[in-house]
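Shared between the two complexes below is chain A, which has chain B as its partner in the first and chain C in the second.
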Partner chain A sequence: MAQFRVCPDSGFYFDKSAESLMKVNAVAGAVSLLIAGVLALGVILTRWQEVHLLPADLFYQVLTGHGINALIFWIIFFEIAILYFASSTLLRTRLAAPRWAWLGFILMVVGAVMNNVAVFQGNSSVMMTSYAPMQAEPHFYLGLILFAVGALIATFVFFGTLVIAKDDQTYQGSVPLVTFGALTAAIIAVFTIACGAIILVPTFLWSIGYINHIDAEMYRIIWWGLGHSSQQINVAAHVSVWYLLAGILFGARPMSEKVSRSAFLLYIFFLQLACAHHILVDPGISAEWKVFNTSYAMYLAVLASLIHGLTVPGAVEVAQREKGLTKGLFEWLRKAPWGNPVFSGFFFSLVIFGFIGGITGVVMGTEQINLIIHNTIYVPAHFHATVAVGTTLAFMALTYLLIPVLFRRALFLPWMAKWQPYVFSAGMTIMILFLLGAGTLGVSRRHWDMEFTGAALSFEYPGTAYMMMAVGAIGGVLGVLGGAMYLIVTVGSLVFGKKLEASAGLLQSFGVPLSSGVYNVAQPEQLPMAPKLAVEQHGSGGFEAPGTFVLAMALLVCFVVYYFINWDYLASVWPIS
Partner chain B sequence: MPQEDNVPKPERIPFFQRMLDNPFLLLFIGVAMPTVFYILWGIMEIATIPVAE
Partner chain C sequence: MTSYLPPSERIWWKVPVGKQEIIWIGIALVWCLIMFFMMPYWHVFGKQNLSNEAYQTTPAKFQARVDEMVAKYQVGEEAGIPIVKPPVGSDVYLLGRLWQWYPILELEKDKSYRIHISSMDWQHGFSLQPVNINLQIVPGYEMVVTMTPDQAGDYAIVCNEYCGIGHHSMLGKIYVKEN
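Then we have the complex of A and B:
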C-alpha cells in the first residue's frame, strides 16, 4: 500500500504517519515558543530596573513559565519533529510504531498543559530547576514526568525507525551524517529523560506526602543531569540542522565525514558531563569530580564543537568556491544568499553560538574563573547565546525550509521572513552581550529587585550595572519582536499561505494527511551512498577553505584574550599575596 | 581453478566504522559514561559526607 509522497521541490520522501507527527510536534513547539516569548517580556521588563514591571510573586511565576516553555517544551517538541525527519524522511523509510508515536505526543501535550496550569495557578513558582526543598504543586512534577515519558517513547520510535531502515536496506553504507547527529541527540535524550525520571518521580511522591525528605544536594546533581543535558540535546540537534541546511542550500558536503562523525562521537562520550558546571561551587563534592567532569571531559566536547564550527562553514566555503566564488578570502561569504532567511538564520546561529555561547561556556566550565560569574545574570546570557540563538534560530531557519516542503504552503509575508533572523539576532546579541557585562559586575540571576529594597543585607551595584541591564532589556524586547515575527510568518503561512498542493488545507497544516492520491509511492528507491569526494584544491596556500580558517583563527584569538582577561579579573577581585 | 576464487571478497568494514554504525552500542556508551562519571561518582561523594551531629 502506497504511504509515501515525494516533495516535487526538494525530492524528499515523506511517510504519511511521520509527516503528520512532524507537523503536530512542530506546531506544539511553536505554541510553547509563543507562551515563552510572551512571558519573556514580563521577565525583561521587570529586570529593567527603571521599568520594574511586575511584583515579586508574579515575576517568579512568569520566570518559571518562561524557562520551562522555552528550554523544555519548545525545543523538545521541535526536536522530536527533527528526529522523525532525520530517520523516516532522510532514510526513506516508514516510521516505526506510529501509534506509539501518537501516544508519546499526547503524553507530551498533556504533560505540558498540566505543568503550565500548575505554574499559572500561582503555587508552583519554583523556577525551571524546582530545587528541593522548594515545593511545587504535585501536578507541576506530574506534568513534567508525563512529558518526559512521551518524549522517551518518541525517542525509541526514532531508534525503531533506524532498525526498520537497516532491515529494509533503504540506504547504502552508513546512515547520513545528519541522521547520525540526530542519533547523537537521541542518545543524549535517553540519559536526560532517565535523570528526569530518577529525580522527578520521588519529588512528585514527596509533593503528595509519600516521601518526607528529598536531599537538596542529591536533587541538584541528578536534576542537572536533566536540566543541562536537555540543552546538550539541542547542541547535537542544531549542529545536525546546520549540516542539513548547508547541504540543501549549497549542496555542501562535509569536509571530512570521518572527522564530523568523530566529533559527534565526542559528544556522545563527553558532552553530558558538562552538567557538572552547575555544581562547581557546591560544598561536599570533591575537586576531582568537579575538575574531571567540567574541565577535562567538557573540553573534549568543546573540541567537538570547534570541529563542527570549522567543518560546517568550511563545507559551505568549499561548495561556494566550486561554483566559482574564489576571489579573496570571503567572496563565498559575501555572495551568499543573505536575503534568504534559511541561510541568514543558519549562519547567525552558527556564529553567535560559537563566538559567544562557546567562549562563555568554557569560562563557566573552568572551576576558578567560574567563581566570578557563578549564579549571576552571566549564566542566562550564556544559555541565551547557545539555546535562544544557537538552537532556536537554527530551528527557525529550518522552519522556513519546511513550510513549503513539509506543510506545502508558501511563506506568508516573505519580506518579514527575510528580516526576521536579523531582528532576532541583533536583539538577542545586544541582550546577551550586556547581560554578560552585568553578570561580570556581579548582578544576580533570578532576582526580582537589584536594589534590594527593604532588605536587611543590601548591596549597591555600580551605575554601570544598571545601565547594562537597561540596554540588555532593550535588546531583549527587540529579540521578542524577532520571535513574534517568526510566529507571524509561520502561523500565517499555515493558515493564509498560498497552497503548493491542492489538498493542503487548514486541517492539513495541523497534522491531517493530504489527500490520499498524493501518497503514491509504495517504497522509495534506495538512498544511494554519496560518491567519495575528489581531492581538490579550491583555496590558496594549501587550504581548501582559507576564509573559514581565518574565521576560526579569529574565534581562537577572541577566546584566548577573553579567557585570560577573566583570569586577570579573578586576580583583581581575589588578590593573593 | 576453483570458482570461489573469482568471487570478490566483501570489503572489510573497519572496527571504528562498525562501532559508529551500531546505534545501540553508542546508546549504551552514551548512557554509561555520564551515569558512571557524573551520577554515580557524584552520589558516592554525597553519600560519604558525614552527617551533622
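Then we have the complex of A and C:
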C-alpha cells in the first residue's frame, strides 16, 4: 500500500494524508491572515489621528477581529501544518490517525468561523482578551473553545506520529533538532489549551447564564495562561523554523546539539511563567510572585533565547565558512542569498525578533518598569516585533520554500516574492519603533481617540506623540502592503503557478492528493543520521563563528543600555510604594 | 543539511561544547542574573514599587467610602465632578466607572497619600499622564497605592483598559499644588 511520494527537488517524503492536512491548514492560515490584514488597515488608519477613519464602535470591532485572526487563527493553523511537517515529513513516517486530524481541522475551521461571525455581528467587540466582566455573545467563546479542541486533537496526532516513527524505526538515533523544537512547541500548546479550557468553558457558561459570576482577577490570571503561552508556542515554533531554514538553505548543522536542545528544554520548564507579564500592575498579587514568575525564574527562558540567538546565525556562519566564505568577520553574511525571500525573510525575522521584540519584551516584563509601560501602545509595538515579524515572517519564508516542495507549484511573480520580506520588514520596523516611542509618551493602546472627543475633562498629548502615531501608521500601511504581497504570491502560486507535477491542479492546491501514481513509495528508507563532522576548524581563535559572536555582543550591548535607560526613566516618575 | 536530520552522533549529549558557546552562555547567564537581582534591589533602594496591599470589596462598599470622602473634603466642582482635597497622608478613594474617574483630586506636592482605587463595573486602566504611571483597575478589588507627587501641575487620568464604546472619553484629573 504505497502512500508516500518523494519530492524530486528536495528529497522530502510526503505521506498522502499528512500532505493534504498540511495544505489545508496552511491555506486556512492564509485566509485568516487575509482577514487580519484587511482589518489591520482599519486599525492603523483610525489610530492615525489625522485620518481617524472608523467610528468608535467599528474601530473596536475591527480591532477585536484583527487580534484574534492574526494572533490565534493565522498562527495556529500554520503551526499545525508545521507540526505535521516536522513529524511525518521529517521523520519519513505515516501520520497517526488521519481521521482524527481531519476532525481536528474541521473543529478549528468551525470554531474560527463561529468566532468571526460573532465579532462581525457586532455584539462581541471585547478585544482578543475578552476580559470579564465585559461579556461577548456565547458563540464568541464557543468558537474559541471549538478551535482549541481542534488544535488539541492536532497536537495529539503529532505526538502519536512521533510514537509511530519510533515504533517503526523510521529514523536512526534521536529525532532531528527541528522535530525536537516542534515537540517543545506542542508541549507548550497542551499547557496553553488547558488554561484556555479552564477559563473559557466557565466564561461560556456564564455568557449563557449558567454561572452568575466570573471573578475578574481570576479571569486575568488564567486567561493569560492561554494568551501569553500561545505566544510561547510561536517562539518555540519559529525558532524551529529558523533551524529548518538554516539547514535547508545552507546545509547548516546545529553548532551543538546539546546546547540547542537544552535551550528548548529551558523553554518547556520556564517559558510559561511569563504569563505574569500581564499581571504586574494588578491588585493583590505579591511582589515575590511577580519577581519569580515575570523573570521566568531568574530569566532562564531568556537565557534560552539568547542561546538560540547565537546558535542559529552561528550555524549559518559555520556552514558558510566551510564553503570558503572565510574573509573577515562578515563575508559569510554579505554573500548570503539576499535575493532569495526564504533567506531574507528568515534573517529579518531573526534580527527583528531579537533586537526589538526580545529586548523590549524583557524590559517591559521587569516588575517595576512595567509601571511606565502597561497598556500603553508600547505593548502592541513589542508584540508586533515578536509575533508579526518574528513568527509571521519566519512562516512566510517557510511558505516560499513549501510552495514548490509541498504544493508542487513554482512561485508566482518571483520578483514580488523577492521584495516582499524587505517591504514587510521595513514597514513593520518603522511602525514598531514609532509606536514604542508613542507608548513611552503615554499613548494608550486600544483607544479610539487620543483627543478624547466628548470627554467632560480634557488632556492633550504632546505634538511628538501625534507625529509618532502618524509615522507609525505610515509604516503600518507599508507593512500591510508587504502582507498583501505575500498573499498575492502565495495565492497566485497556488492558482496560477507553473505546475511542477502534472497533476498539481487547482483542487490539489487546496488539499486533494496528487494523482495516485505519484505516491509510489510504500515505506521510505530509514532516515539516516547526519554525516559525521569533518574535523576541520574554521573561524579564528577557537571561535567557529566569530562574526556571529560580534553580532551577539552587539545585541547584548543594546540590551544593557536600553534596560538601564528604562530604569532611569522609571526613577523619574512619582514615588510609589 | 543536518538540523533536520538525526544528530550525527548517537550519544550527542556527550559531544563537547565549543568554546564560543560556553563563553556566550556564561555572559548571558551573568546578564540574566543581573536583571533578576535588579528587581529585589529596586524594592529596597528604588522609589517606585507597588505595595502588596489590596482588598476584596464590592462596588457598593467602595462607593460608600468615596461618597464619605467627597462629603467631608469637597472644595469645588468641575464639569459636574466634585474636586476633593483630602488631608495629607490620609486614605484617598478614587473610583473608575463607565466612563469617568471620580472624584477629581487635589493633592499637595511632596506629600504622600494612600490612594485606594477600584472599579464599579468593568476593568479599567489608571494611566496617569504625563507622568506615565499605569495600573490595572479590576472590579471587586481595591488596590492601595501610596503616591507622592513630586511636581506641581495638572495631571490627567486616562483610561487605558478598553471599557466599551465611551472608553476614549473616560478622563480624570489630579491637581498637584505647591504647599
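The rule is short, and it goes like this: the second predicted complex is superposed on the first by the 564 of 577 C-alpha atoms of A that agree within 3 Å, B and C clash if a C-alpha of one lies under 4 Å from a C-alpha of the other, contacts with A are read in each partner's own complex, and residues count from 1 in each chain.
Convention: a contact is a pair of C-beta atoms (placed from the backbone, for glycine too) under 8 Å apart; a residue touches a chain by one contact, two chains touch by 3 or more.
Not measured: the values here are computed from a predicted model.
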Superposition-derived comparison: chain B or chain C, residues of chain A touched: C
First, second, both or neither for A:V489, with chain B first and chain C second: neither
Touching partner for A:V316 - first (chain B), second (chain C), both, neither: neither
Touched partner set for A:F159, first chain B, second chain C, both or neither: first
Touched partner set for A:Y243, first chain B, second chain C, both or neither: second
Which superposed partner A:L183 touches (first chain B, second chain C, both, neither): first
Touched partner set for A:I193, first chain B, second chain C, both or neither: neither
A:A148 touches, of chain B and chain C: first, second, both or neither? neither
Contacts of A:F269 with chain B and chain C, given as first, second, both or neither: first
Touching partner for A:E217 - first (chain B), second (chain C), both, neither: both
On chain A, positions contacted by chain B and by chain C: 174-175, 215, 217, 279, 284-286
Residues of chain A that touch chain B when the two form their complex: 159, 162, 174-175, 180, 183-184, 186-188, 190-191, 194-195, 215, 217-218, 221-222, 225, 229, 261, 265, 268-270, 272-273, 275-276, 279, 284-286, 289, 292-293, 297
Parts of chain A lying in touch with chain C, wherever the complex brings them together: 56-57, 60, 90, 127, 131, 133-134, 171-179, 215-217, 220, 243-244, 246-248, 251-259, 279, 281-287, 291, 294-295, 298-300, 302-303, 306-307, 310-311, 314-315, 362, 366-368, 370-376, 440-442, 444-449, 452-459, 461-462, 527-533, 539, 542-546, 549, 552, 556, 559-560, 563, 567, 570-571, 573-577
Interface residues, chain B side, partner chain A - complex: 17, 20-21, 23-24, 26-27, 29-31, 33-35, 37-39, 41-43, 45-46, 49
Touching residues on chain C, where the partner in the complex is chain A: 1-10, 12-13, 15, 17-21, 24-25, 27-29, 31-33, 35-36, 38-40, 42-43, 46-52, 54-56, 78-81, 100, 104, 112, 121-123, 125, 127-143, 145-151, 156, 158-173
